[in-house]
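Here come two complexes built around chain A, the first alongside chain B, the second alongside chain C.
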Partner chain A sequence: MTLPRFEYLAPASVEEACALADVDSAFLAGGTDLLVCMKQRLHAPLRVIGLAGIAELRGIARTDEDGLRVGAATTLTELADWASTHPEWASLSDAIRQTSSPLLRNAGTVGGNLCLDTRCTFYNQPPIFRARWGPCLKLGGGTCHAVRRSTSCHAVYSGDLAGPLIAWSATATIATAEGRRRKLAVNDLFTGEGIHPLGLGPDEILVEIEIPKPPPTTRFSYQKLRLRDTLDFPLAGVSLFAEVDTPEVDAPGADTPRPDTPGADASVVGARLHGARVVLNATGPAPLLLPEAGALLEGREVDEALAVELGELLQKSVKFAGNTAAGSTYRKAMIPVLARRALRDMCR
Partner chain B sequence: MVEITLDVNHSSYKVGVEDHWTLLDVLRDSLGFTGAKKGCDHGECGACTVLIDGTAMQSCLVLAVQAQGKAIVTIEGLARDGRMDALQTAFHEVGAIQCGFCTPGMIITARALLGRNSDPTEDEIKEAMSGNLCRCTGYVKIVEAVQRGAAAGKTGAGTTGATNADS
Partner chain C sequence: MKREYVNIGGRLPRVDGMVKAAGEAMYTGDLSLPGMLHGKLLRSPHPHARLLKVDTAPALTLEGVRAVITGEDTLKFLAGGIASPGNEPYLAFEKVRFVGDAVAAVAAVDEETAERALALIDVEYELLDPVLDPFAAMAPGSPLVHDDAPGNISFETDLSFGNAQRAFATCDYVRYDEFKTAPIRHGFIEPHAALASWDTSGRLTFWGSKQSPYFTYRNMAKALDIPMSKVRIMQSYLGGGFGGKNEMFNLDFCAALLSMKTRRPVRIVVSQEEVLYAYRQRHPAWIKLQSGFMKDGTLVAVDAEIVAEGGAYKGIGALSLYLMCTFLALPYRVANLRAKGCRVYTNTQPSCAMRGHGVPQVRYAAEVQLDMAARELGLDPLEIRLKNAIQSGDTTGNGFEITSCGLSETLLEARGIVERWRGETPADSEPHLKRGIGVASYGYLSGPRMAGHNTSAALIKVHEDGRVGLVTGSTDCGQGSDTVLSQIAAEVLGIHLDDVQYGGMDSEIVPLDPGVFGSRVTFITGNAVKWAAEDVRAQLAGVAAGLLDAEPDDLEFRDRRVFVRDEPDRGLPFAKLVKSAQYSGTGMTILGRGYWAPEDIDLPRFDTGMGNQSGAYSFGTQVAEVEVDTETGRVKVLRLAVSHDCGQPINEMLVEGQLEGSSIGGIGHTFTETIQRRRGQTMNASFLEYRMPTALDACPVEVTHTDTVDEMGPFGAKESGEGVQVAVMPALVSAVHDAVGVWFKEVPITPEVVVEALGRGAEAAQNADARRGADARRDSRDDGRSRDGESA
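So, the complex of A and B:
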């Protein structure tokens, strides 16, 4: 399907880009979400403002505190490649490489993935399919087809990066049309509304994200549920970031190497967690930071009982709508499995 | 309609395009490089993959106007002086082709992989190629062909490909 007609603009600076933008325009970064939605006639902006030529939006640099500053138009491949060669950031690279496919990561950007629109099996369809059931709330209609009689949109926020970045306490810098900059936690970018998932005005641009340097004993795990090992959007995701004490284990079997293949039998013992940040993603219209899960894990040594408690807590925190490629029952049943796998990663 | 200049397969082309035309449509319909295939047109199948400044990209999700000033290589640009690229030869010899529709995208993605990793493991090949779908499901032979192409590249047999990836 061809793209709808638009005028393409290529500003050279963030300020210029903001000044060009209004409700009839869209910012184009990697194009892997926007152009697909435009081909499906979900969006038809009159002006497309390309961000690729803005140098300020590109690149990875160290902050004064040894954290990372990542330009929003840095591609997912660039950040994953950089992080994989820096040990303290390598687990972030593993998370990024679970996003989409290698080809799409070559085009897709960090900012674009964060600013991904919400998705729904009743919304992300070609016009001919959508015509069968009529416009939903997100398309300006009066009904939610995913949850009957619902007055709010249940489209799922399906970005992969937001969960990990919130777990790493990342902040985002937004440029506003008045030429100002504001900084906020990545978690506060999201409105929780399926129709407008991001709290950005049409003339505001995500400029960069900052990720604080993780404490030396940090471990991080992003567990993503999807049907295929590539390409797919998450059906659910669990991010777990924590400082880990690995005590000198004197338990029987401590000399046995821990199995590192995925599976229910791998060990989840032998680590004590501090300052844990647990984030769910692709469970609803926004990623979900769960301080109560962090509190549950605080100072506890990981064992089977804790895995069960965490799984139950996470499962209770979400309510799935039946609007992704897999059924809600399956997704819900997998939440404790993902939680357990994340805890297992803490014990490696 | 604006006139832009595209650098495709080491030659420069002046071509009139509309802002909303994709690079894939311009390559195929305006310039005749029909080796880049239109499969899903939504970035899911990889059949339209081309090299843009050495990186494998899906041309259905790139605007033609964005591709100005960049070196674009399609499957037609891999052969040099009448000799096929080592990967093309390998796909041919191994029989890594069934209907052939995914093949140009597969070979371009593999060329980019070998450009940054001349000796990939089987898992690395599978990971790198995972955005290219073969609906005939001939993946075993495709992986074998990439391994063979990599080996041929190392011995320098029948290849000009390494220079293409670097261009």
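So, the complex of A and C:
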């Protein structure tokens, strides 16, 4: 596979990068997704603007409020390694390490993963596929190959970082072509549209993300559904971030799993959650922050019943299209399993 | 008893290890020649269509395009075919038969121009109804993939000995099951690549990525209608083959024809995507299997009906089908067998050989059914295998002559492993995680007898510094045969492995060889090398005898010296002897030659499956431990063990590498790998979406060798590496059953399939310990025939 012809530009500053960009350009922030898409001729930008040489985009620093500021061109490995050596951030490291494989995490960046294009079984295909089926909605055609007669694109946002970062209430700083900066919640980066999943102009750059320091009693869990433990994009993901009250007594009933619940695990008991933020990812064109799930969990003690309620709520919040490596029925059925496992992590 | 060797049996490093690790090994895609053009193939996006028009004129007007060829520019040679003529054009004429079938090829000054030219070729198709399912293909009135193949039947095998139908009536217990396997990939990392250079003298020099270069040699001559002597095939390093690089492909032909047309070297390297959607796959198989047993577990009769999806072309599918049928006769004694196989054309990628060649599909079915029967009969899975295990000296009903055989030893070894693992395995750590252990056995051949040329040969040139050059027509596709063959030469000549330089394949001087398939290289080419080295040794011994005043037969070659046996001081260095031979008097040129094939091996009867197929058979038993996540359906393979009878291992490290790679490959076949198609279109033509296990998905593999020596094999060696893939699937399926109480009769067992099956059979899932209650069910079958109620 060859890359289509393009001009490569390597600006030294964010402002320069923004000034070079337009609708015919693409930013290269690791390239693990962009270059594959270009080889498949899904994109053919005339100019590729490499961001690796921009010092401002790299590195991890503390904010004044003891939060974290992560440059968008920081590699996933760099962030995961840093977080794993800082206990209050370690659970974030676990989430990052569920992304792809070690080799691709060495190349892939935080910004690149966050700004990942949506994916679809019928979109991420070589040209021969389109020679027969024609272009889909995402490529400017008139037909959705995934959902018959659909007028909207069902491509799935498949980044692994967005869910966790939204759960951690992270914000993003965007540089605009006019040389200004704006900040917004990571959740607000996403349009919810399969065709253009990101609310960034072609000449806007994600500069950095800020993650507020988590309260000391915080626990976090990212549950990712996939078919292999490496490489795979998520088929669904549940992020759960919450402050957890330590139970006053040891988990009761630890030795008496309910016989009527297959796989009942008594450890899903005992924690009381506050300020929970629950985010689904890889369930549709954008990550989905569910305040109602947070409300459901608020102040509640975790038990099996709550796990069931949460699972049902999450399950009701999504509608899968059959356009990933696993079927919709399966993915839907797994949502409560992921939810329950996330809750169990709160109790550990 | 095993003998003491210097270069045999140890853990010697690969001869190609350094250059490969350093990235210096040149693969075909790395090669280039001055003035070289780049070729690309235009492929059909339709599974079945008539070609109405292929207009290349617009492409030829593009600057930088040097030639465009279509089926009309070819001699319409049809490739493939064993037992009957082939039917695969290198460039389609009249019809395209699958998505990816090649329609035209372009040579241009660079890849980009070639790609742009493809888009300018104007092809008009008349779409035909595609045939996408083998059973629909066989139905009356189905469209025909090939007009001369009614019912879309590609080939049929009907193997019969004893009388299975009559024997079932005498059985205490008979069971019938239906199994299915998915189409999967070879998964080699180096894509197909070809570099061809035609010169004014009418000679074609070709570098390819070929397991079996002489297949290409012959087909190239026929397809271009030039004498074979004008075809020179060179083989670079190979980045994996696994059966998928035996045949000559369209890119090989197109590179050559484009070079003829342009008088410039032409290189074509296809993308991995193209490999995945436009080249070969393993035959998916539908297997109806009935087996009859006595109460004590004795296997009495087997009856099988096999439908194998052959895809668009014949290829070497007759051999595939023949192997599927004949390997119902191995590795257990069975007096009555009927195996009817049918290979069917469909409008999908052609199926061909792949590691284990047809045998993994049928043995998956047979081994799993054997386990099912064992449990129904209240027998331990290892006991029922020991009861029926084939033995040295046996001849199967279809004529396989079993010489060396360590199957029972591997089973006893496996029993120890299972006991140890059961002891080590903790109680299920979490309620949703269920562990289980399974076993399965296999037999495999050491080189199949093919219908045509079957002899391997070797040449050894002795250099004046005492080192030797060795060439054979067998290629190293990663399995390590260059090393193994060099070890054999070194051992015979009493020199070190470092002293042997393995040369590349060059048909101009390297002797004819059938190729690398069917686990034939160590066994057959190894014997040829041994003979060639003995030829060298005899020539040198003649010279040494004069110098040392001794009889040639009394000389020993060891540790780079030649000396009179039992008088180590009466000798001289090997290098000095060589020099003496070359420099004294008229001087000698020491060249050794050897050729070998097993004698008295029958020509295969592809239609009846009768005859002895190989000079030796390997055996082994696989043990697997899995952990099933009953909530997500994910199965994690915790560890595997292989107890293996490959005779005398020539290189233990390489044998282990073969067993590990083959085992992990079997994990993919069982759980994650399948080609997903939608209306004939391959939907997962990438290593992201086609899920082979990666190094990070691999598990530990314990390897134990049994102590057998094959009389015919070089230094007692026989097959290693293909056979073991035969037993991985059934061992894993059995382990999953052990964990969750469900038999899976279709692979791959994806998480979705597991969740669905556990949901359906929740009761069975909760009774994972049902294995221990098998006794209770043993006598409940008075009609002697059952269907498994809890299977998926």
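Heads up, the rule we're going with is that the second predicted complex is superposed on the first by the 331 of 348 C-alpha atoms of A that agree within 3 Å, B and C clash if a C-alpha of one lies under 4 Å from a C-alpha of the other, contacts with A are read in each partner's own complex, and residues count from 1 in each chain.
Methods note: a contact is a pair of C-beta atoms (placed from the backbone, for glycine too) under 8 Å apart; a residue touches a chain by one contact, two chains touch by 3 or more.
This is a predicted model, so every value here is computed, not measured.
Once the two complexes are overlaid on the shared chain, A:230 sits against chain B and chain C alike.
By the document's definition of touching, of the two partners only chain C reaches A:131; chain B does not.
Looking at the shared chain after the overlay, A:50 reaches chain B, while chain C stays out of its contact range. Of the two partner chains, chain B is the only one that A:31 touches; chain C does not reach it.
Touch criterion met: A:6 reaches chain B, while chain C stays clear of it. With both structures placed on the common chain, the touch criterion links A:333 to chain C but leaves chain B unconnected.
By the touch criterion defined above, A:121 reaches chain C but does not reach chain B. With both structures placed on the common chain, the touch criterion links A:325 to chain C but leaves chain B unconnected.
Within the superposed three-chain model, A:101 lies in touch with chain B and with chain C [touch as defined at top]. When the two complexes are superposed on chain A, the residues of chain A that touch both chain B and chain C are 1-2, 5, 101-102, 229-231. Residues of chain B that touch chain A in their complex: 18-22, 25, 41-44, 46, 49, 55-58, 61-63, 65-66, 109, 127-128, 130-132.
Of all the residues in chain C, the ones that touch chain A in their complex are 43, 45-46, 99-100, 111-112, 115, 271-273, 277, 430-432, 630-634, 672, 681, 683-685, 688-689, 691, 693-694, 696-697, 750-752, 755-756, 762, 765-766. Of all residues in chain A, only 1-2, 5, 40, 101-102, 121, 124-126, 128-129, 131-133, 225, 227-233, 257, 262-265, 325-327, 329-330, 333-334, 337 touch chain C in the complex they form.
Every residue of chain A that touches chain B in the complex is listed here, in rising order: 1-8, 10, 28, 30-32, 35-36, 39, 48, 50, 52, 77, 100-104, 106-107, 229-231.
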